[in-house]
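Chain nomenclature is as follows: A, B, C and D, assigned in order of appearance, with residue numbering initiated at 1 for each chain independently.
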Amino acid sequence: MLKVGLVGMGYWGPNLARVLNQSPKCEFVAACDLNPRNLDKITRQYPTVVGYRDFDAFLQSDVQAVVIATPISTHYELAKAALLAGKHVFVEKPIADAGSKARKLVELANKTQHTLFVGHTFIYSPPVIKVKQLIDSGDLGDIHYVSLSRVNLGLYQSDVDVVWDLAVHDVSILLYWLGEKPIRGAAFGRACVQSEKRDVAFLWLEFPSGIIAHNEISWLSPQKMRRTCVVGSKRMVVYDDMDSAEKVKVYDRGVNVKEPSNFGEFQLTYRMGDMYAPYLENAEPLLREIEHFVACCEQGVIPTTSGEFGAQVVETLEMVNRTDVASWNTSTMSSVGAQL
Amino acid sequence: MLKVGLVGMGYWGPNLARVLNQSPKCEFVAACDLNPRNLDKITRQYPTVVGYRDFDAFLQSDVQAVVIATPISTHYELAKAALLAGKHVFVEKPIADAGSKARKLVELANKTQHTLFVGHTFIYSPPVIKVKQLIDSGDLGDIHYVSLSRVNLGLYQSDVDVVWDLAVHDVSILLYWLGEKPIRGAAFGRACVQSEKRDVAFLWLEFPSGIIAHNEISWLSPQKMRRTCVVGSKRMVVYDDMDSAEKVKVYDRGVNVKEPSNFGEFQLTYRMGDMYAPYLENAEPLLREIEHFVACCEQGVIPTTSGEFGAQVVETLEMVNRTDVASWNTSTMSSVGAQL
Amino acid sequence: MLKVGLVGMGYWGPNLARVLNQSPKCEFVAACDLNPRNLDKITRQYPTVVGYRDFDAFLQSDVQAVVIATPISTHYELAKAALLAGKHVFVEKPIADAGSKARKLVELANKTQHTLFVGHTFIYSPPVIKVKQLIDSGDLGDIHYVSLSRVNLGLYQSDVDVVWDLAVHDVSILLYWLGEKPIRGAAFGRACVQSEKRDVAFLWLEFPSGIIAHNEISWLSPQKMRRTCVVGSKRMVVYDDMDSAEKVKVYDRGVNVKEPSNFGEFQLTYRMGDMYAPYLENAEPLLREIEHFVACCEQGVIPTTSGEFGAQVVETLEMVNRTDVASWNTSTMSSVGAQL
Amino acid sequence: MLKVGLVGMGYWGPNLARVLNQSPKCEFVAACDLNPRNLDKITRQYPTVVGYRDFDAFLQSDVQAVVIATPISTHYELAKAALLAGKHVFVEKPIADAGSKARKLVELANKTQHTLFVGHTFIYSPPVIKVKQLIDSGDLGDIHYVSLSRVNLGLYQSDVDVVWDLAVHDVSILLYWLGEKPIRGAAFGRACVQSEKRDVAFLWLEFPSGIIAHNEISWLSPQKMRRTCVVGSKRMVVYDDMDSAEKVKVYDRGVNVKEPSNFGEFQLTYRMGDMYAPYLENAEPLLREIEHFVACCEQGVIPTTSGEFGAQVVETLEMVNRTDVASWNTSTMSSVGAQL
């Protein structure tokens, strides 16, 4: 059974520890953290886990796969070292704090022939998977546009702004659903509370197929919203993660264009049909994610959230940031949106 | 009592006829429409109203004030003629299909010393007025940003796209609330159903004070949303027009920044207080609007929704349209957002 | 075409006048009201309608069908006189203020071979009809129970208490859906604001098939609720009239009982399937109701809301009132619930 | 520090174990369960806890307080033995399966001068406490009535019916809020899925002050509802536990009765004011409950959910069950509602 070690026991690490311990598909054998208190807590809770304060010593243990849940700025160096040490690597989202670093990790994983996996957990959640199935089956027709809102009050992150903290989720969902990478994008935001860090932003994205997307993200909003609307030519879907009863609703609604019989105008008719909310199984995304990672390591399968996938997410964030409102008054820009 | 005549009995005109007839503040004496069937219907329902098929004859009657509810492309010519004939003018929103025409009407009204009023009805609705009071009182603190969503399925307009049809409402609300005109703006949209006409768009606006705003508008959305969120440094407000019980909710929530005592980081603390939903009186906006128009005509007061106000709305729409996504690939643009 | 006359232009009458005028299926020819102002208003709005202050004169006109929208206490006398004058009769709900009077009207209508119709408008509304279809099709399986809530603040009625004002709606819906009349019932309520008149009540009903029902009604409640839940052995339905988007939701949910394989306990398994909200056409119940009345008069068909149906509604209200809490301390009662 | 032992590690016990371990106010020293697997799990998770399979041995340990979380039918015997052994006792709700047994426990605790505490956890939850404060402060005026709904699909209990499983919560909340015990009550329900056990029921209660209450409970309902409405003469409150954002809403609404100036009718006017949702702290009820228990043991204070309180809850359930619909046809009953 795959021996897995975990690096980073801060905010998110303990959740990964729980599922690593819970899953019968892998063996949780080692943990690494600079902070001895964090380390103690984990090794006390999981007595069979060996604790390491030194990352090199950790890498020299018999762990076959390394799960990295440290601050974003450290992802690149830790993942690189783990790959070079011949380990499979699971790195929390985003894969790195720059697209160029992400690309280097992808190349390195190709060279070492080991799994490089990015922890975009939403991709393993039942509602996100259900919408993906609806899109791929053709039930929705051609996708016209996607609108995503992810706002609430807090939690401010100390190391990144709201785009890197929240849009990373929505961009990963978009790339997964649409299976393509945006060719143009822009961001518009404001640093309201702290002078250097945007806490609200609005993103525009355009995809090669012509689909457009919009993403509203905020740490400074009175009501919590986790709402996504996918509008297709045949059907429309609303995925509302705050709706505890029906997270995904499929609307049999649309507009039909009738060819004008003679020189008249185009006629539009509205199609108003039933709505249905498919039953969603009650699976834990994090457990699913870890077990998919283990399966990829053992069978050499390419992960749904591969290093390549994670790199595209980071590149998209970089692209939209190149055209933030702060640069509107720099007349040197030659186009509204940045292009990849 | 002010004698009022109405031009245009199509989709919206009958509503204006109803309140003109209902109000004790004015006398509804004349109606004008090219279509004899529309005209007949009105004069039968309001027997004291004289019907005119000819606009010139209508202008030569004893009406003192003219209410124009015709297609947008005709607003300019009809309003101009009415002003030149020495009438007060109420013209439906938007005031004209171009900022330059709007400006000419404003100048003309100044010259003739008559009231020029634009029918931005939302400005007279209880929840919009309540939010204005909250902003002006300082209860919300400094405004950080405003996010507005106005989406549903249909109704497609034959003469204008979704920006001119729906954003006109939100832009008027923004200008009223903030009391300033945006200095930068851009739009991003797509013509999904008909090749020439956008049915979904996302607008960005930036105001001189630094406030930013976002507006999502769509004719192609499965759920109807009429939601506006105003985030201030002290309090936050959600105005949801689809909530039949509590349209305005005021949240005593925010983020406080504590000065770092020594070389440490800034500390953020969240303020989570009560929410309250002020009682809103049950007044009809349209009736209020007409009675404000009548009062302006009679007392020479400047309307809340003056010609100047309506011109600024049209100029804002023109500004955002200058930077639509369609122009992203034209490398001749020198800046992301258009500037006034 | 059937010539129809309307009696009573108070609170509800003008709505009936509007649809009588609007429908192409009948001719609205006469109106009767004691109050000359009410009468004037109607005859001015509908100039072809002849106004009568005297009911006998009204009955001697050429009206073939009489629509009665007067206070409840007058229903019996007016309906009786109209039937005796050889007219078809539409009487607003409830048909009379006592079951015995309702029965006399039913007998009289049988004798005169004219239509006796009760204005239970909800029976003609799209969501109520949709639930009826779901029940009758067997889609819901056997019905276990129905729970109905109808509460809000106001409007207090001057002539009746909350049971006669609000439960009349829910009881009519229940009788229509289930096609049977309750054999037992009781009410529990309180007169909170006025000493003699209950403004909140809870009703229990039991039907011959074993189905039970509960009805919560109140004039004294802060949130408006119009919610009905029908629980069947195969599926469950929620009909929420306050939900502007999806009034009827069908849940493929339930509990299955597995026979114990050996001496063990019965095993229960939950069935959690999709939910769907059928599209409901946007028809006006009042217009449908009036046109069904006209069709019944002309074709001799028995109305869905016949005199017999209306009498059963009144008898049910009388039954539950016989066991109100006020009588709990009378030790002469021999059973908890009243029996018909 | 108080040494606490826990009996019963089934469905609910592990939650109690967690807070006993978490609280700095007590020492979690012993656990007792017949099932060695349950016991192993707890002692492995909390290595300092000593496990006992034998209840007598457990009682002979140095535990000073015993927390009982076993099936209802065993509450009486275990609590009795613990009290006789000189321990303080926390017993899960309901205190016993019969009022007579509850009374014996109360007497025994009085005699032994030890704390007898019943685990009615809702009484320690922030929204329930907030409503209690609103009632006690007089802000709501005189309470007219309370309506409580607690319905969802499952979980069927194997040992009790829906009244003992769900109404126990609502009755405890009612007794806590109103500070009085009902003098009359009745239940109406149906055993839909299993022939012997009611899975839906409707309860009526009347209190000495004249307040009435209604409770709808069901294991067989498609939507989850946890809604309580308290109607007072001055204000009204809705406590909706399913609302993740605002659980308690206070409405400044009501009806005023104006004395008739002369022989006229009473005039009613509606008061429609603001709504507000007080901020509720994010405290865990279970932890609060355990810490209140510890304080009572140590300081000899009478618990909010004392044995007396728990006995009144059980007596209320017994009272309403005496008049279930099943007994409607027994003509020997002399009154509609049972009296205590």
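Convention: a contact is a pair of C-beta atoms (placed from the backbone, for glycine too) under 8 Å apart; a residue touches a chain by one contact, two chains touch by 3 or more.
All of these numbers come straight from a predicted model, not from anything done at the bench.
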| item | value |
| --- | --- |
| Relative to chain D, chain with the most remote C-alpha centre | B |
| Whole-Å gap between the CA centroids of chain C and chain D | 38 |
| Rounded Å distance, chain B centre to chain C centre (Cα mean) | 43 |
| Chain A residues counted as touching two or more neighbouring chains | 223, 272, 275 |
| Graph class of chain-chain contacts, one of line, ring, star, complete, other | complete |
| Touching residues on chain A, where the partner in the complex is chain D | 223-224, 242, 244-245 |
| Residues of chain B defined as touching chain D within the complex | 246, 252, 272-279 |
| For the chain C and chain D complex, residues of the former touching the latter | 144-145, 147, 153-154, 156, 158, 184, 186, 188-190, 192-194, 200, 202, 204, 206, 210, 212, 214, 216, 218-223, 229, 231, 233, 236-238, 249, 251, 253-255, 257, 265-266, 268, 270, 272, 275, 323, 325, 327-337 |
